[in-house]
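For reference, chains read A, B, C and D in written order, and residue numbers begin at 1 within each chain.
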Amino acid sequence: MDISVTLRGQTHDLALKNPVLTASGTFGCGLEFAPYGDLKSLGGIVVKGISLLPREGNPCPRVVETAAGMLNAVGLQNDGVEDFCAHKLPSLPWRDTPIIANIYAASTDEFADLAARLNVEDGVAALEINVSCPNVAKGGVLFGQDPVLTAAVTSAVRKAAPRKHVMVKLSPNVTDIALMAKSAEDAGADSVSCINTLLGMAVDLRLRRPKLANVLGGLSGPAIKPVALRCVWQVARAVRIPVVGVGGIVNAHDALEFILAGAHAVQIGSGNFMRPDCAFTVAAQLPAACEKIGVKSMEELRGTLQNGSALQRKHPAMA
Amino acid sequence: MQIKPILSRLPALEVTPFGPAGPEGEYRFFALRLPRPSWKNWRPGQFLMLRPAAFGLELPWARPFSICHTTARCLICFFQVCGRGTRRMAQLKHGDEVNVWGPLGNGFAVEPDSQTLLLAGGMGIVPFVGYVNAHPKPWNTSMLFGHREPLKCYPVDNIHEYIPLDSLRETTPGELDNFIFTLNERMRDCAEQNGLVLACGPLPFLQTVRNFARELKARTQILLENTMACGVGACLGCMTRTSDAWPTPEKRGGLVQACRQGPVFWADQVKL
Amino acid sequence: MDISVTLRGQTHDLALKNPVLTASGTFGCGLEFAPYGDLKSLGGIVVKGISLLPREGNPCPRVVETAAGMLNAVGLQNDGVEDFCAHKLPSLPWRDTPIIANIYAASTDEFADLAARLNVEDGVAALEINVSCPNVAKGGVLFGQDPVLTAAVTSAVRKAAPRKHVMVKLSPNVTDIALMAKSAEDAGADSVSCINTLLGMAVDLRLRRPKLANVLGGLSGPAIKPVALRCVWQVARAVRIPVVGVGGIVNAHDALEFILAGAHAVQIGSGNFMRPDCAFTVAAQLPAACEKIGVKSMEELRGTLQNGSALQRKHPAMA
Amino acid sequence: MQIKPILSRLPALEVTPFGPAGPEGEYRFFALRLPRPSWKNWRPGQFLMLRPAAFGLELPWARPFSICHTTARCLICFFQVCGRGTRRMAQLKHGDEVNVWGPLGNGFAVEPDSQTLLLAGGMGIVPFVGYVNAHPKPWNTSMLFGHREPLKCYPVDNIHEYIPLDSLRETTPGELDNFIFTLNERMRDCAEQNGLVLACGPLPFLQTVRNFARELKARTQILLENTMACGVGACLGCMTRTSDAWPTPEKRGGLVQACRQGPVFWADQVKL
């Protein structure tokens, strides 16, 4: 079965042999997972967030498990874009699998510099803009929580990286995610991915301390799947560019739910921690899962969710 | 000489409680026997990530455990119940599915001809079971074991067979002082012969060992049991800060992954 | 041990014999749970949402289970305020346990009418304003997603119900929940409760339909606890009025986590479905849980979360 | 005469598979035996909410099951694996904790001297096990049972003992037509004697029964297995719409709770 998809952007398309990508920050630079599956079998690899200069990130503890999910406050630790281009990218199978660089910066200008740097790397197929990082310049507001800032960052990256597909990763911590998506679309984004983590917190009752050194962290995993699905559905109805679904996907069934809700592709995040072959398995099992529901291509399923108003539960006649 | 890790889906063979049951009939220490995965080899100090299917979606993370022991057909882990995951592991029944990936991390140094002192605190004894078994000249090794629960809660039989094991149970603050005194003496002896000290146990224990190592200039490795979400280098949750003695200059004073650059570190190369 | 608390409002205090309330919509009118515990042992009972006129609510299916949580789209079904006052309130042990009426309306005026009607009922100790319901007048925006509308509703209810403690229930589906809390405080709220449900969705892949007839629903249960804790922490730092924590609380340990994060009291919601004695058990086990962490009153624990920056994991010396 | 429900925390006694195993060795039908809670009495058609501790936080809801049968010391439920919850129930081991609250809902009418026709589709047979056992004059009752799986997948022995049971297995569309034809005939006979028809099974089956009941003016009750989150009247998730025949005028055409006003309804009083 052909489960390839193309993310048809406003400027650049991104062709994927299957709709299963890995989510940034949960799959290292990719090579960490090579022992558990064939990286070339993935639709694409979104590498962990990259900044212009190396960043140490937040102090530990940075991760904590929660009911059907986890919180993280890694805080953008990475060795910077030069290290990525020199040491990581060359080892990745970028000729066979699109490598998507997840980027963040503290200002629009810095975003542009970073995008320009990656624009010249043949190994990078697309840029995913992480607009959920703190905008240091604007006093703690996040780029992704303001439609004007979202547009500014998107168009800066769009201009600085004319050779690349530009994907904007949306934050769910907003009153109206569709508004942010439209802003990104209007500013030239080729696609949007949603969602990044939900802002959360955990405390240690005995020590009377937050469980994360950073106090606040991002919630991910199966717990947030209903929120992610809702965001994908809202965004897919609001924009014409493709939507990539992220949030709580751990198997092929989950992935197809997102496609049904309107996603063109999906990303596997925390699922990679449940089993390091999670993303590989989702990609491998997708054809069989499609067959089971009588679907022959991704287009046939995508966004075909029927209206709920006519809902009536169907039961098997007799069991 | 990296050992390539493998992911296996194994049926649990047996969970055996160790030591006496608590006041409510509950056990806290268990050996978990699994079929041996198709690993070629592994190094003591290396660990594996273990996730029973029974974790469902509620506990998304696997749990890290030192590889205790392997036989031709079996892999044995040894664990203490201390939270939601280990509580469920204690309830595993024959045939229940367990996902396991490993061997992971780097393992303890083996210097067959150096006098080697093994320092274990509580569950920190686990990696030494395999170490003693694998050591080509076990007569060059000895162990000091500090513990709070009765000795039969721990997997000591396998160690006893090969090497001398001094165990000190800590039930009062005085006994702890006594243990620390002995620890210092033993490390001093070892350092004087330019021996190798290997330590595994809770953080305060490792901090004590690290302080003595510095004082006595004892060549010392410690195994750090940091919280781990992935075990493979992806989550960046298991970081440890290095000292100025870290071998590669660009990482000096920076953060390294306990799951990849560790879990065994030279004591002088990390900050605790 | 004395675990009583008083929610000291700007106009009216609300004294509770213990900090454990039930959450609206999850405990019926209270009597449904009488077989499973003593209603008088609860700190208070928040009854299910009441409107001026009877409402049928949304079509079924209305509820669906998700990973460590659930979605609901009950849609405000209730028999109206007159039925509540005539048939339900008299059977409740309101002399012994504060009864808190959760109210919603489609306009500020309707909120005022409803509040005025309940103001004369001795059996009602407090009003909890549900500002997360669709504001029909303003085209689908929710009262609780706009600080100006939140303030308008709050002050309308405050004026119309001068005899009652007024609690405002905040929605987490906003960019900045502290802003909404401040607006409620400035408009005269005596306390705030947070959080209401997170907007979510679930789909049936085989039928290609939303699992809820209403398509969208509210996510609750343990899955959202990290988000709820974060909201309570943010809100408690932003306002001076008491905060009531809601979201994923199923045991005394959870309850104390919220109090540590700054809550004066808590509400048990979906937990009542896990076991119908959940709220009773939390109330009953709270003293022992306090003892275990060496706390002698709620004040001693409340809001004493230490800063995360000095965080260092403590391990037992030897185990 | 309301029966007060009770919440009990019970150790599972036994889970017994019924019928042949599937191609992969898995069973789908099970009897769960629990110690009898301290209920005084219960009415067939009533149900209980059942939640094994093993649901953890992942599955927050209990699951509703008809009370199948009770003995002086045991309570028996009978279930089919059809999702995440029932899959875990099938894995219950002796001693595992199960939370149970009930008896809930209203139960079937019992008219000892009326000819009573029991219509069961698949798992719909469960409440009739108790019904037949409790009926003071079982010779006045008879049963028609339509099913897809082999008869030994279902708890029929207990029914067989007391009353005639006609069972028809549906494996082809022709057999379904045949079943529906027989259903109509039996309902007609019953209606002619002003008998009582009681039905339990999947929705399409109940719809057919309801249509025939209307046509034949057969006094008919049906048991609705709506999705339930709480079982006690709080979640408003289990609603069923009433017809104009509903007894209290203010609820005519409105929504009523299957867990409180049902799960057994007079067929003419609800819309399906």
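Assume contacts are C-beta pairs under 8 Å (C-beta built on N, C-alpha and C of every residue); 3 or more make two chains touch, one makes a residue touch a chain.
A quick note: this is a predicted structure, and the numbers were derived from the prediction, not measured.
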Review point. Most remote chain relative to chain C, going by C-alpha centroids?
Key: B
Check your understanding: Roughly how many whole angstrom separate the Cα centroids of chain C and chain D?
Key -> 36
Study note, to complete from the structure: So, in whole Å, the Cα centroid of chain B is separated from that of chain D by 54
Study note, to complete from the structure: Taking each chain's mean CA coordinate, chain A and chain D are separated, in whole Å, by 46
Review point. Which positions in chain D touch two or more other chains at once?
Key: 57-58, 227
**Study point:** Junction residues of chain C, two or more chains touched
**Key:** 60-61, 67-69, 222, 313
Check your understanding: So how do the chains connect up here, line, ring, star, complete, or something else (other)?
Key -> complete
Practice item. Please give the residue numbers of chain C that touch chain B in the complex, ascending. Key: 67-68, 313, 315-319
Review point. Where on chain C does chain A make contact in their complex?
Key: 59-61, 66-69, 71, 145, 173-175, 198-203, 205-210, 212-217, 219, 222-227, 229-230, 233, 248, 253, 256-257, 260-261, 293, 301, 304-309, 311, 313-314
Review point. In the complex formed with chain B, which residues of chain D make contact?
Key: 54, 56-58, 93
Exercise for review: In the complex, go through chain D and note every residue touching chain A.
Suggested key: 57-58, 80, 82, 121-123, 146-149, 170, 176, 201-205, 227
Review point. In the complex formed with chain B, which residues of chain A make contact?
Key: 25-28, 32-33, 35-36, 48, 56-57, 60-65, 67-70, 72, 74, 77, 221-222, 250, 270-277
